[in-house]
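Scrolling down, you'll hit the structures one after another.
One chain, subunit A, appears in both complexes that follow, with subunit B as partner in the first and subunit C in the second.
Up next, the complex of A and B:
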């Protein structure tokens, strides 16, 4: 297990190098000039040139890459073109918000998706199954933006249960922070729950057809014991992969949810940086997200063994 | 060609003034000191340093903390602020200013002439990287004559130099040296304004507090001038970028004032929100939208083609499409509120498809595709482009709308790489600065006579002569059509009914001194 973990960790290095190169090239291929975006529509050409020079944008692309990558190797992600604040500092300041949002969303989604998926499988092709799947279909189909606004309209404006704007970190004031995070987490978790529920249902249906489940039933075990103790454990491995992929994707930034609810997360920062052609910020964020994604995948692979003993490292 | 009577404009101004005044009426009661006011901004502060900033949102916030030497009243006339009085030399190459005595920075130190010298030295230093440094580059030298007198020596005569000192974006703020850290950056802004900087949590809020020792200029509150006494104890300015959420936050009283109320909610306001303690003010603004022609590109380099487009367009319809009736049609670069807005400035062509088609024939137009570059990042730019495309099609012009990302559109504008470009810009109180902005269209290169007229207007302080010159420029553009101006949009602001004395100026700035809470 340890050897596998170390091997995977070492393999991350060339992957990250490749990501760094690709990110740098892609970001610089996008049309638009950061200096012009910084100054807006009314600057004089001399000021633009001065800013381009001071940002090193007048240098040939290979020189810019070597400069950026050299600093990256020493842990320096560079400074944001827009704010002048070190990129890593901003990432580390924003990431916890996204981490809390995504984790709460994941907990919410797993809490409703797994039982829903199991129940849908148990009552397959009945009214209950159709109801669960209809709800999950809505969850997958409804745009997060619209769902967030409707959530605000009902639970914030009409019922007054949650605030519609503002933010307090949970580590600063846990209960107030949770109050600000509940609605965004549910909004985000609803989509994730729909995907996970559908995956749980189909995995359960597949497993329930296997002989060992028939054997368990033949032993006289109750249907719930068969389902929860025998079928779910084996059906959970593919569901875990789905949860892992979803979680990793969302950690990269739940852009829409963060925008609607005005949360200072990483996703909003990435999007703002792309609009502002803030090269160091975009490059730094994408590298960071790639790293997080790799670690989440690694964690999922390691956890696989817990649910599927046949897996060997 | 004939004069268009812009009745809608006048009507809009009256409605706007009425609505704006409705919010001010209650300000007659005695103001109360104290409380916290939460102000909803469309975006976050971009830079805390007024000498480095070029974003309008920064001015909205920072103008409450820092102050320039002179400022504008409601009529956009120059009024004293940190300078009490001033005198130009006969040839307009030097300006001597007497500073207000007893004005203190938020650290308690008195503001003196050395601070003015230091501030302009910093503002003009290329290392400060102010994107609009060129606005100030006619300043050759700033000298402290004594503790309260300062002299500006100019490289060339500039009668309109006071407008440069009153500039709102960026603010030529007078700062103390102590506000800058060892790296030359500002993390704790110190100014002389009515409010003191407390904290900026990026994307969350900017907090200011009342500067109790603030010494206000004399006279009643008038635009940015006159009485600037602060009453609110704590000002919390929060960015709420999603407009629907911003309206909900105002309904929930999570914010007390919303700087930009979406036009699509006005009907809902009339039916419902007005009964829920919300007040809406609509102020005719000076921000303007237009289309630029690429004078160096095929098809659009032909003046007859451009004149044909002018005859193909109905400015009323374009304005309605872009701003749902909350804008004033204006074919001039000069806004209706300006003293330079004459009858000649209202002159433009009326839609006439027959004339448009005849001009297209004269131009030798054979159905070539003409591209209108625009962006969806600013909805009115896109909406007006779509309206133009459909109106041009009716005249037989094969126009294509090309939607670009904002950075790409800006690059095309600076590179003069477009046939038609749908655009808009913030207020320009002085017509010279408005025309100088329009140089981006390359009109100054193709029509040097326009530039000569602008330069002449910049070199005189004779109002009658300037008025005449601006009229000549407008009539010249009527003939050459390097751009077509469409409208100035109104500022829709909403606030809770317990907020008293709040107003937004025609240059788009919300004034939060003189505001108090009645709750």
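Up next, the complex of A and C:
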């Protein structure tokens, strides 16, 4: 188990190198020059050139990459071009908000998705199942920003249930913070709920055809025990994989949600940094998110064993 | 005294897109207390569905559409779902064909056995554990205590089937439905597992409805035999009657299709090719109006194609559903 952990962690290094390379190239492919963004297009070309030199942007790309990645390995994410603050500092300051948002979104969607997937499987091919399939189809299709705006309009502006702007971190005032987080996490989690529910439904249907489910019924167990104990535990392994993958989507989706709801998370920081052509900030954030995603996937693989004892590490 | 199980004109049909498949089309037989009755017939003749019908666990899109099932004089068809749950696993239990897939891979053996006890009896976990270990010992599972914490995939097929037998007999049911319990096992362990099952059932006085297509097994363990074909009982009688005086052409064909080993003395005799029954089982969605076996039967008369034969008694315990056995009067 520990050996497996170590092996997987070591394997992350080459993955991280690849991600770093891709992020670096993509960021540098974005048209625009940070020096021009900083001083304006009408500035003196000599001044622009000066700034470029001070940022190391006059060097060839491969040199820039090696330089950046080398410092990265020692934990130095570089300094933001626009603010001069170390990128890692900003990431660590803003990531908790994103983590809370995505975790709440995940909890919300799992809490919705698993029961509705199980119910849909139980009532397969009936009106209830079709209604569920329709709602989940809408859930998959509706864009997050639209849902966020509609949520704000209805629940904050019209009904006044939730605040429409402002932010209190949950670690300062838990209930107040939760109040600010509810709408964003539901918005963010809605898509994931639809995907996970569909996965739960189909893997439940797959499992329910198997003989051990009939066997469980033949023991005299109630239908709910059969479904929730015998079928669900087996159907959960593929669902868990989906949840792991979807968590990555949540981290990405957080960018839009944080922007719509004005949350000071990592996602909004990325957007701001892209506008400012803040190369070190964008690269650092994306790399950090990729790292988080890798650890989530590792956690999923380890959890797998809980639901399927046949898994060997 | 009531028989343990009495099935009367049972009809279980499957409502599929291509039509109504009459998986069971008027089956009737009974099983007395402590008796071992073998139900034989080829795949798809409705043997397994008969067992699932007794537990009222016919899978979708199937449904019991007619007939009666009596357990100890109680009509199971009149039972509510809740009352049926009390019957399942307690008074009637079932062993499935594939021990590889009939135990839940996600739970330990102990978890599944203890659950089987506690769903029907007020027992502490410790008591249920004791009872389970005791039962595993009775089915000759080596080191039963250690096996309680094992997952099904850590056991061999034969061991898993012993676990299934132990679970099925945990609560001393009056009836055990065994659906080809040894078919999926290695030939070498088939006999042992069968032996354990029969011995354990006899010890607890449990009647057994054993589904099989292995006639060698039937001749060894059965008190009586029910022969099924295309969802109907074509012949039933004591094991001796079926093997020595088979009355239905289908039974006769089945018995002729058993390969025999020639002894040294017979070695000079010319070798006979193994008998093979011609034709195919009719489609269950399109059964002929008369006897279902008629299209494959070499002795068929005009009446066979036109009308379903009822069961004609040939003795106190022997009956065959064949027009050729029609008794006058």
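Brief remarks on what is shown
Assume the second predicted complex is superposed on the first by the 309 of 313 C-alpha atoms of A that agree within 3 Å, B and C clash if a C-alpha of one lies under 4 Å from a C-alpha of the other, contacts with A are read in each partner's own complex, and residues count from 1 in each chain.
Definition applied: a contact is a pair of C-beta atoms (placed from the backbone, for glycine too) under 8 Å apart; a residue touches a chain by one contact, two chains touch by 3 or more.
This is a predicted model, so every value here is computed, not measured.
Contacts of A:260 after superposition on the shared chain: subunit B is touched, whereas subunit C is not.
Of the two partners subunit B and subunit C, it is B that touches the larger number of subunit A residues.
In the superposed model, A:47 makes contact with subunit B only, not with subunit C.
In the superposition on chain A, A:165 contacts subunit B only, with no contact to subunit C.
Within the superposed three-chain model, A:33 lies in touch with subunit B and out of touch with subunit C [touch as defined at top]. In the superposition on chain A, contact is made by A:275 with subunit B only, not with subunit C.
Once chain A of one complex is fitted onto chain A of the other, the partner contacts of A:219 are limited to subunit C, with no touch recorded for subunit B. Subunit A meets subunit C in the complex at residues 210-212, 214-222, 225, 230, 233-234, 307-310. Subunit A meets subunit B in the complex at residues 31-34, 36-48, 50-51, 54, 82-84, 149, 152-153, 156-157, 160, 163-167, 259-262, 264, 268, 275-277. On the subunit C side of its complex with subunit A, the touching residues are 52, 55, 57, 59, 85-90, 93-94, 96-98, 101-107, 115-116, 119-120, 151, 153, 167. Across the complex, subunit A is touched by residues 40, 46-47, 54-55, 126, 129-134, 185, 201-204, 238-242, 244-246, 248-249, 251-252, 254-255, 377, 405-408, 410-411, 413-414, 423, 425, 437, 440 of subunit B.
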